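Have a look at the structure that comes next, please.
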Amino acid sequence: MNLNDEQRREIYENLLFARRFEETVLEAYESGGVPELPHLSIGQEAVGVGATYALSEDDWIAPSLRTRAPILMRVPLKEVTAGMYGTVSGPSEGRTTQHHMGSTEHGILGTTGMVGSHLNAAVGAGLSSRQLGDDRVSAVFFGDGATTRGEFHTALNYAAVEDLPVVFIIENNGWTEETPIEQVTAVEEDLIEFAGHDLPSSVVDGQDADEVLAATSEAVDRAREGNGPTLLEMKTYRYRPHAEVIQERRDEAEIKRWKQRDPVKIYRDRLLDDGVVDEAWLEDLDASLREEIEASFEFAQNDPAPPEETMYHVYKDVEVDRDGGVVR
Amino acid sequence: MNLNDEQRREIYENLLFARRFEETVLEAYESGGVPELPHLSIGQEAVGVGATYALSEDDWIAPSLRTRAPILMRVPLKEVTAGMYGTVSGPSEGRTTQHHMGSTEHGILGTTGMVGSHLNAAVGAGLSSRQLGDDRVSAVFFGDGATTRGEFHTALNYAAVEDLPVVFIIENNGWTEETPIEQVTAVEEDLIEFAGHDLPSSVVDGQDADEVLAATSEAVDRAREGNGPTLLEMKTYRYRPHAEVIQERRDEAEIKRWKQRDPVKIYRDRLLDDGVVDEAWLEDLDASLREEIEASFEFAQNDPAPPEETMYHVYKDVEVDRDGGVVR
Amino acid sequence: MSEHTVRESINRALAEELERDERVFLYGEDVGDYGGLYQVTDGLQDRFGEERVFDTPLSETTLGGTAVGAALTGTRPVVEIMFGDFMAIIADQITNFAAKMYFNYGDGTGVPMVVRTTYGAGDQFGLHHSQSPIGWFQNVPGIKIVAPSTPHDYKGLLKASIRDDDPVIFLENKLRYEDEGEVPDGEYTVPLCRSERKRKGEDVTVVAIGGMVDVAMEAAERLEADGVDAEVIDPRTVVPLDKEPIFDSVRKTHRLVIVHEAATFGGFGGEIAAEVAEEALFYLDAPIERVGAPFTPVPFAENLEEAYLPDEEDVIEAVQNTLGR
Amino acid sequence: MSEHTVRESINRALAEELERDERVFLYGEDVGDYGGLYQVTDGLQDRFGEERVFDTPLSETTLGGTAVGAALTGTRPVVEIMFGDFMAIIADQITNFAAKMYFNYGDGTGVPMVVRTTYGAGDQFGLHHSQSPIGWFQNVPGIKIVAPSTPHDYKGLLKASIRDDDPVIFLENKLRYEDEGEVPDGEYTVPLCRSERKRKGEDVTVVAIGGMVDVAMEAAERLEADGVDAEVIDPRTVVPLDKEPIFDSVRKTHRLVIVHEAATFGGFGGEIAAEVAEEALFYLDAPIERVGAPFTPVPFAENLEEAYLPDEEDVIEAVQNTLGR
């Protein structure tokens, strides 16, 4: 994929957008509180941005809890922010958080809070694609921890056996909640070793959006041409603890080392070096993103709470009362 | 493991014993019927016999539905046969079949009818061994089909990460119930490829009890020395359909080809060649095994049905009535 | 009308829906070439091709998980889970995923998947191939559980299930595949979430589920000879429940017997009894009777399994109890 | 006696049992060095070492499966499953394995494992981290389900669960970890399978489960001011059930209210109601009332979750209903 300057600027915009958004979430959480407990992806933005950029708009994305960028790239911001506040304008009108939101319009597969259970669902989207002959690719994001679940094996195997158009993207940030991944995975070096399956795989620098984009594009092409799934391991890192309630217990040196390869900075420096942007453009962008983000928080904070009926939205094809009785 | 003549004869005895036993089951099923639907392992005897022979008596065995030989080697025959008839002398007094029987005395891990769910249980036996420091190894047998379940990945990973004393033995007979295994597994050639895990593995000729024994012995030694699990893939074949109700749909030529490498015949010929046994000994053995087996069927057919109380055996530590009420 | 078995009815329902809607596809262990362990999908791969009817790895989590994903993305998967006991393996996919996505989406996206599975004791298949999994999912909002009782209903309810936009667990009693009954020759469906009165009566209401409907009907025949006029109600869909017809019937007969195959304790009969004890308590002239299995796994030995499984005698006795005889 | 929180009580119970019996070990996701998401196992790895208290991969099936295997082979594993919602992932290991092995063995081998897990709504954790999984296992013979309500009972019941030879699901309400109460300083256990009358009363029986016991107790206090004398029974172990004390109480008060946190429909309250409708029907002066959640997933928005979760007002209203007020 050869990028023109506009595209490169767009990628940077998305990186910075995700960064600024989550920084604002953190501030809001630390000052007044945010109803949805933040599980921030700060530090990992290049994975979601680069990979999403490699997909067509109507390809399916199955994000993990940690995959914020694709959501922000596809879903109107006010909706996402409202989703964190549980107000009526959120993606499910306050019924659920935005973490695991689903949207058919935006090509986001709804997910559960069970880390890794969505891998097979993403393979199911691949099945749909084959049944309908519509060439849609499905990209599923998941953490290193999720590779230790049975779904990793079963989903990879089925996608590979059936040559389904699925791209498996490990966001390897080195940690489950509080356990270092090498402590619980029997691999020598990389998590892709885990997959004995007969499918192409590679390790990618997850801090470099261009690398992510290149690797994902290749995988997407392969999938769209009917040549089956690919497994990509993106090496990345989260700057914050698993969730904001959780005590940090990782090495400060480790965190510091990773911050030296910050995905936003890497991209900005490259664009500056290549003369694609200048400082003024960067400042303008930052200001306008901050403004948009602020506005979304203001919107969400003033958005009304959902009426009680909102939660009686359980069956699509029959009316059921709150006691499980069919309304005739 | 260097075998003396007596040991070699013993191995042959066990091979023939398993063979004759299951032939008798088949006859009984085809004439009068046997309450437990037979899932015969005829053709696969060398795997169970060779592997069990490599274990100490107090090592744990976690058999699959198809693993008949280890049961026959460890559990009194009358008990096994009664188990098929559901009579009081069976391993659970008629509550359950003998297929998934458990016995602490005989070191057999009870199993469920869910193919592959016992892999993690066998790893749990490895945990016990570590906790108790008792050096017991746990050997788990499972079919090729079971390698497509999530338990295959999760159990191998955990055993390897914790260096637990577990030997994983795939009885690869090439078929699940009615689906050829290569159709549903994304490997190039062998199922051991499936395990990207960092643990030793090898492919073994499952029709040759000596090969099975050698490979398993090595794995058992490794486990007992604290060097963790091993994965062995035994190439084998069942002569009968998955279960006796099921229509055969495999190629006749395929069945024929495998019968040319019959595990009982291979071993007999070798013993004859080496002068370890002669025809007379073989005939005597056959006659005495047949007699013993016949006697067990006669026993089982005359063994009484269990009294109704037998099934109210659900909780060990509290008396509960048939309606789930605690008896005070 | 013509006579068909339950097996034929299901097979025809699948064929008709595969024919009607190209978004429908059918997959599971050995359902393709072999036609399924119980031969329910026999001939369908030949007719519709390997892309519409196909075998899978031996992984129920893949079946459950991919079905949810497929249903969320525009197709209508029909999955076969060989034995209902294996529903425990996909409890996560059912409970946390399929049942909750309509709630989790804001745009009306549904989860039009059907999980067909077998259930029930009586063939000496033992504790792991004989269970009735209704109890495991009866407390899960968002799932529909359908348990038909006649060839007619099997066909019509399966077609309706496939067309339904909610996830459906479709329960097939493995002792009933050979049962025969009248089935219309033309196209029809039977609506989900509607119970049916299978027999009109005045003296006692018997609510029976799935394979137990026949047992209840035969008990009712024998009771008639004894001068007892039993009404038999078949909920057909148990979750969510069409309650009013049950209340109405109890208000008329003043007696209630509930029959299902799973253990009584903690089973779905408790829900029905509780509903009536809340809504129609003072209409009851006798304590509610539940007929079900004892609180044990399904035993293997023939005599034990017979003692375990509820039968006509048990229903008759329960009815007599409500009549104070 | 001294004051302790529920968290401390559990931590001490674990420490005492690890100390007492070297066959006991404790494992789960992040339970080691970190001390568990809710810090319940804090300090235990330091004290007992990495061989007795340790972290695992993020695989609940491994946790469930290895625990069964370990329990069958001479040790007494205590597993932490971070959220009760994840119990659906190990439904196979619980339902088909742990619950059935004593039945499947003929030599008295038991399955002495404990699965500790959190449950319950009220902290805006949303539909996948707030469920009450009792309903998923209430129809499974062979499992014990324990749901304590006070620091005293948490400690005593957990110690008894670890010593018990049957598999136990031990439910910890995540809103209650900070609750304080009197706990004896010395060694004690609280027997499984025995309910307790938490409050004596004459006018109405309230059976409450787990986190709802406190809600019921507070409702009872307020009702007393209103001249209503409520008896509160805490089953503590819900499967199997200590039924007689409930029947006795209803025979005395003639009124029954059942309170639990899961959805009413299909939930455990149905079982209790059905039992009473069978055993003590004619003692009832009013329809049985069940207080529970509506038949929806647990909603996220604060106001919705509040409306969802049963509270004192709901209990009081139900009691008033039984009194015809």
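Brief remarks follow.
To keep things simple, chains are lettered A, B, C and D as they appear, and every chain counts its residues starting from 1.
Methods note: contacts are C-beta pairs under 8 Å (C-beta built on N, C-alpha and C of every residue); 3 or more make two chains touch, one makes a residue touch a chain.
None of these values were measured; they are calculated from a predicted model.
The chain with its Cα centroid farthest from the Cα centroid of chain C is A.
Contact tally for B-D versus B-C: the pair with more C-beta pairs in contact is B-D. Mean C-alpha positions place chain A and chain C at a centre distance of 39 Å. The mean-CA centres of chain B and chain C are about 36 angstrom from one another, to the nearest whole unit. With centres set at the average Cα position, the gap from chain C to chain D is 30 Å.
Chain contacts: chain A has residues 95-96, 100, 112-114, 117, 148-151, 154, 157, 161, 183-185, 311, 313-314, 320, 324-325 touching two or more partner chains. Contacts with at least two other chains are made by residues 56-57, 59, 61-62, 85-86, 88-89, 92, 96, 100, 103-104, 127-128, 141-142, 239-241, 263, 265-266, 271, 275, 295-297 of chain C. By the touch rule above, chain C contacts chain A in their complex via residues 22-23, 25, 51-52, 56-57, 59, 61-62, 64-75, 77, 92-93, 96-97, 100-110, 141-142, 144, 164-166, 192-194, 237, 239-244, 271, 275.
Listed in rising order, the residues of chain C touching chain D in the complex are 85-86, 88-89, 91-92, 94-96, 99-100, 103-104, 127-128, 134-142, 239-241, 262-263, 265-271, 273-279, 281-282, 284, 286-290, 295-297.
If you check the complex, the residues on chain C that touch chain B are 29-30, 32-34, 37, 55-62, 83, 85-86, 88-89, 124-129, 263-266, 294-297, 299-304, 307-308.
Against chain B, the residues of chain A that register as touching in their complex are 148-154, 156-157, 160-161, 183-188, 192-199. Chain A makes touch with chain D in their complex at residues 35-37, 86-87, 94-97, 99-100, 112-117, 145-146, 148-150, 176-179, 183-185, 246-247, 249, 305-306, 308, 310-314, 320-325.
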